[in-house]
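Some structures to go through are shown next.
Two complexes, one shared chain (subunit A), two partners (subunit B, subunit C).
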Partner chain A sequence: MSQDLQAVSATPGGAAGSDVDTTSLAKLIDTSTCIGCKACEAACQEWNDHPVTLAPFDGTYQSQPDLSHSFWNLIKFNETEIDGAPAWLMSKYQCMHCIDPGCLRSCPAPGAIVQHANGIVDFVPEQCIGCGYCMTGCPFDVPKFDPYTKKVYKCTLCTDRVSVGLEPACIKACPTSCLTFGARDELIQIAEERAETLREDGFQAAGVYNPAGVGGTQVLYVLRHADQPEAYGLPADPQIPWTVTLWKGPLKWLGNLVFVGGVLGAFLHYVRYGPQAEEAPEDARDGE
Partner chain B sequence: MASDGRVTRFNAAERIVHWVVALAFGYAALTGLALWSPRLFWLAAVFGGGTTARAWHPWGGVVFTAALAVMFLKWARAMRIDADDRTWLARAHRYAVHDHAGLPEPGRFNAGQKALFWLQSAAAALLLASGVVLWLPESMPRALREASILIHPLAAVASIGGIILHVYMGTAAVPKALRGMIQGWVTPRWAALHHPKWYREIRK
Partner chain C sequence: MASLAATFGRGAMTNGWTDVANADVILVMGGNPAENHPVGFRFTMEAKRNRRARIVTVDPRFNRTAAVSDQYVPIRAGSDIAFLGGLLNHALANDLYHREYVASHTNATFIVGEGYGFENGLFSGWDGESETYDTSGWGYELDGDGYARVDETMEHPRSVFQLMREHYSRYTPQMVSDICGCTAEEFTRAAEVICSTGAAGRAGTILYALGWTQHSHSVQLIHTAAMLQLILGNIGMPGGGINAQRGHSNIQGATDLGAWNALPGYLKIPRAHQASLQDYIDENSPRPLRPNSMNYWSNTNRFMVSLLKAWYGDNAAAANGFGYDNLPKPDADDDYSWATIFERAYTGDLEGLVSFGMNPVAGGPNTPKMLEGLANLRWLIVAECFETETAAFWKAADAAGEYYPGARAAADIDTEVFLLPAACFAEKDGTMVNSSRWLQWKHAALDPPGDAWKDQDIIAALFLRLQELYREEGGAGADSLLNMTWDWRNPRSPDLAEVSREINGRGPDGRQISSFAELADDGSTVCGNWLYAGSFTEDGNMAARRGQEDPTGLGLYAGWAWNWPLNRRILYNRASADAEGNPWDPERAPIRWDGSTWVGDVPDYGATAAPDAFGAFIMVPEGVARLYTVDSFAEGPLPEHYEPVESPVDNLLHPEVGSNPAARTMMSAIDSLGSPEDYPYIGTTYRLTEHYHYWTKNVDGPSELQPHFFVEVPEELAAEKAIANGDTVRVWSARGEVRGQAMVTRRMRGLQVDGRTIYQVGLPIHWGFLGRVTGPLVNNLSPSVFDPNSGTPEYKGFLVNIEKIA
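This part shows the complex of A and B:
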């Protein structure tokens, strides 16, 4: 593993280089300027060499019902009513590149999920064993199983482009600059300023989506209705499932106690007390 | 009871079922432990690598639960826990230090074996139910997956813990018990000591 990793799945003790201070990168999605053109979808498919996937028209402006193993970037469309006014909500959906990624935490295969020092969370198909635990660990339902390769895939935040100084494909394609890419600290500041402008414009509930339940995310949103992220298809309070946390924490210790204690206990019992008697004494025999 | 001084402890069908359960359990347990902890992931390499272990572990589980179901049908009646068994279990610590005074006489199975049987049966039911969910995560609802990701290892810990004790009892702790499960017979005096109530019954 190179030294630009800060966390590796199923690898306790962190990664080499995890103490290196590297700028954390992020993607900012300003939904208030998204026109739903889906250029980012096309760019993502093209850059990652994914096939064209057609879905039947079901009366919405959404191109696919959901993300898939070969469709990593989806513009969700929701036509609804907010505060008595009609709302056409377009929002880009993809891996959130969490600061505390539930996929990485729940992955049992060493090295199958890595978090780069710049914060990008990436899957390594060569190490993936296809268990699908990441799909349960992720509170955003992002990783998707490929029935053909029997492995799980998701957005890489174009780590291959970023590592050579290019911006992700979706950012590159966005015609309204509703997508921006850069240092996370700066983007949070820009997002807050943008939300402030929206509030001045009358969208009192405008704000930044950067959910604390997963330690914050490296995909940030500006929402006109930040009090209702569900309307955009975003979970209101995403958390790594408590069952995953319990399994990876206290249960592991309980299990180790049972396994090691059981074997050690049996051994010590044998040393201290020895085996049971083998047979009844002669006179108890056969009952004559 | 045979005339050659051998008491049939387990007939061939029982032995075969027992060892199919045991082998499948061993396979599922070891491949499962590979996914339990990164420190044990080397076990996956022993069984053909992580992808292979992931692909075949569920089938090991299927064989295990199917064979255990047969075992269950064969033994469930004999495994019923009665008042004597409850007394025996309450005094199991005395049995552990070879103080058999005041312990009710065991029948074909002692209370410890019966407790193990019910523990394994309950654990297997949980392992199967949660295992199917973990097997096909892409077609299972989130609530089931979140529950199964905890229930599966929890049931496995209980099950493996029971089996550690069972293997110790069946090999080192009770001499010649293993022969009863491999060759199928024990001596009359072995039966008279370890399962006196059963021995009296079959001697009739």
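This part shows the complex of A and C:
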């Protein structure tokens, strides 16, 4: 890892997201100009050298029913009706690279999940213990377990490409430029302007998807129907599960308190009672 | 392409991909560019982002393009002319057409002779016996000098304008609704947006593809669209035009270089009665129909002689008609189009077939007929980078006998098959000509693997061996081959740059020419395709240029690759200005007259010719675009709505004439048509973005993105038939059947046609019995029914039935 790390799982240091702001990178997905061509899927599979999976037919245009450990970028084809007219909402689904990543928060393996200073949240397979806590911690259901390697994988935002000045593979492949990559604050501004244009063009509920529950995301969406993110397969108000916040928040301090209390108690016990006398060693030998 | 050439003079996309970004309104109909042309579609999205363009999609399915459109209108497959006729009527009846443009740049002012008539679905001159029209009564009224009479006011009852207005007055919103199945409100809402581009400051474009070409009335259909764009003043305008999106990366190049009915550069095939070169030139050099018509085809002699010099070199001289005798000359009514080739193969009237870059077993209609046709050949040569269903046709009974019960077992087939492994596109250099008419040079990325050869090496080997055989043994037509020049530096592997130089042509001094204006008819110039003159000049290979400058800001990119003709980016751009040369829209003027010369894009006009010197359409004898066409089509001079040959409904305009009376329907023993009683639903075929034709099913990546053949079924029909999403269904027609899983969808709805509900069933095409992923060939269902002008099969709209089987 050549880049500065902002946060590292199960390791003291900066809290995730605390300093990730204007310097961070982001991806903008303008769903109003996404045609579901899957070029981003193909580019992701190629760049990451993933094996081919022929998924069973599920009655949709979707390549796979869901993300998998070897399929990190999926266009969801959401067929619905809005105001009585058919709508086919295509939305690219991948790791959201949250400002406050639930995966990183929940990870117990030191260094298995890192957040770079540029905001990219990345998994480090060498450190991953395969516990799957990150899967519970992610409100977007993104990380996927590989039963063969017993580790968990997801989109890296092409940190290998980005670290040498290239855009992510999906961005490079997009033919309509519905995908853009750059500084997050600038993309938020572009997204807001695009949403404003859509509102003027009659999509009154158009808006930007950048959910606050995870501190905002580094994958931003422009939605024609921002009042119905679920119609695009996006959670309306994603939150890091309370189990994770509790475990890594109050419970962690409670745990620390119990731990520190235990050490303190042992010390006081030592001070008060002195070292414990060695039990008769003969008993042990008898048992041999 | 046949249609656009007859209307405007050239058979190609009028504008270009990059130009779509200049549009205010984009009508997508008969195509699904988001699906099938996703890279070119970026310019539609740019128009939407940057110009707030309105996109209207009209299609049987709410498709990927519809998903990003502002309005979607459902339509019954094969009813497009009714919809477009309705748009013509909407513009004419509501005075939304561009009157000054129509009067200046179209033949609306021309007066038609009294012999023209139209009644009950047939134009005057119909001969039911031969199923052809006698067109002699349809011509213009001529004055003493042989020029057409015109009425600038367009009030004359036999002016093209009045005939057109009357003809389309029947296409009311209610009639459109009754025929097409959308509501009258849906139609009118779309019509208001589309016809808003009749104003001088607005430009609208039409994007279409195979959804328009694959009908038994496709050429008429596209002519209707061209008429609409003409009356709205959208031809020649940036952001306007009628943009044919070609179905393959180089099919424009393939047609430019000649198909069975044309020599390179759209020179017509010589016919048997044109015994001498002079006969040929006389018949193919039209007479101008107006005094100011540039009538560019009057240069046919220069183009043809230069072509013959390219082919026959020193064997072409004035004394021998420049080798004209070497050309094969079919009879006037001979036809060697797709339909006929396989009809002949089927009836045993064809000895052998060479199939290059084609997979007719998969791509042709009525698969059982294709299989039987190939089984009747003595030999078949297939050059391909994969083993295709055509090369392996003899395996069909074994591999997929359930779909082809009549296919012969391999043991019963005597055809000798040669499968020649060929390089794929990335393994050879050369140009590809895209829909925008851009010749773009590419470099080979890698060498062909194993025993695979480049195409030109295969052709060279065949040519040289055949020449040798003719030299040794003689035989019919030997001169055609023996007189041909083959003076490439490496005759066994011609360098494609060398070939490109010959196509461009050279002058009397042996230097590369830079314009077809330099061509002569005395044998002093050599040119393989006059349209490509200027593509490879003394300055080098223009197609290899990659300049990205755009001084006009209109996305013309004059320094990127090379655009036929003469690097002209927007065809008919003279029509972007009025008679005095003032642009209709100063913000979007591709060319401007500065008093002595035209500046901007390469003018489709004399470079220094005054605005009033010529008509704006230099390739047609009228000098103006044709709303009304006289000798161009097998059908009448004005397009009329006809049903598909297999249709579930009567023609509401004239029940006694249902489908196109001039359509070609093959009726051999293996061809049959179904009735709506047995086959009540409409089947329509299409392509998916994940796959390229029958090719990428051999490749991992695309196969992963869409492994399965499926059948799209409207929700209401699925409910009637108790079909659930994912159930296996059988779809069958009078020709054969396919099986696949159902995709039950709200994106296709039941349509109210003539008071009853009509359902359509969607059938993507990409599978076959060979490949990484396999499935049925959907053309097992389609009929041997063809457009009479282009020979294109009717894949969009035929009759099927459907049932759940698991």
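Some notes on this structure:
Definition applied: the second predicted complex is superposed on the first by the 244 of 288 C-alpha atoms of A that agree within 3 Å, B and C clash if a C-alpha of one lies under 4 Å from a C-alpha of the other, contacts with A are read in each partner's own complex, and residues count from 1 in each chain.
Just so we're on the same page, a contact is a pair of C-beta atoms (placed from the backbone, for glycine too) under 8 Å apart; a residue touches a chain by one contact, two chains touch by 3 or more.
Note that the structure is predicted; figures quoted are calculated from it, not measured.
Once chain A of one complex is fitted onto chain A of the other, the partner contacts of A:Gly36 are limited to subunit C, with no touch recorded for subunit B. Once chain A of one complex is fitted onto chain A of the other, the partner contacts of A:Tyr209 are absent, as it touches neither subunit B nor subunit C. By the touch criterion stated above, A:Asp141 is placed in contact with subunit B alone, subunit C being left untouched. Shared-chain residue A:Glu46: touches subunit C; no touch with subunit B. Once the two complexes are laid over each other on the shared chain, residue contacts for A:Ser63 go to subunit C alone; subunit B is not touched. More residues of subunit A lie in contact with B than with the other chain of the pair subunit B and subunit C. Shared-chain residue A:Tyr93: touches no atom of subunit B or subunit C.
Once the two complexes are overlaid on the shared chain, A:Tyr221 sits clear of subunit B and of subunit C alike. When both complexes are overlaid on chain A, the residue A:Phe123 reaches neither subunit B nor subunit C. Listed in rising order, the residues of subunit A touching subunit B in the complex are 10-12, 106, 108-110, 127-133, 135-136, 141, 144-145, 147, 150, 241, 243-244, 246-247, 251-252, 254-256, 258-259, 262-263, 266, 269-270, 273, 275-282, 284-287. Those residues of subunit C lying in contact with subunit A across their complex are 34-35, 38-39, 41-42, 45-46, 48-49, 52, 62, 64-68, 70, 72, 689-690, 700-708, 710, 725-726, 741-747, 749, 773.
The residues of subunit B lying in touch with subunit A in their complex are 34-39, 41, 44, 49-51, 53-55, 96-98, 134, 137-138, 142, 145-147, 149-150, 153-154, 156-158, 160-161, 164-165, 168, 172-176, 187-190, 192-194, 196, 200, 203.
Residues of subunit A that touch subunit C in their complex: 32-39, 41-42, 45-46, 52-55, 57-61, 63, 79, 81, 85-90, 175-178, 194, 197, 201-202.
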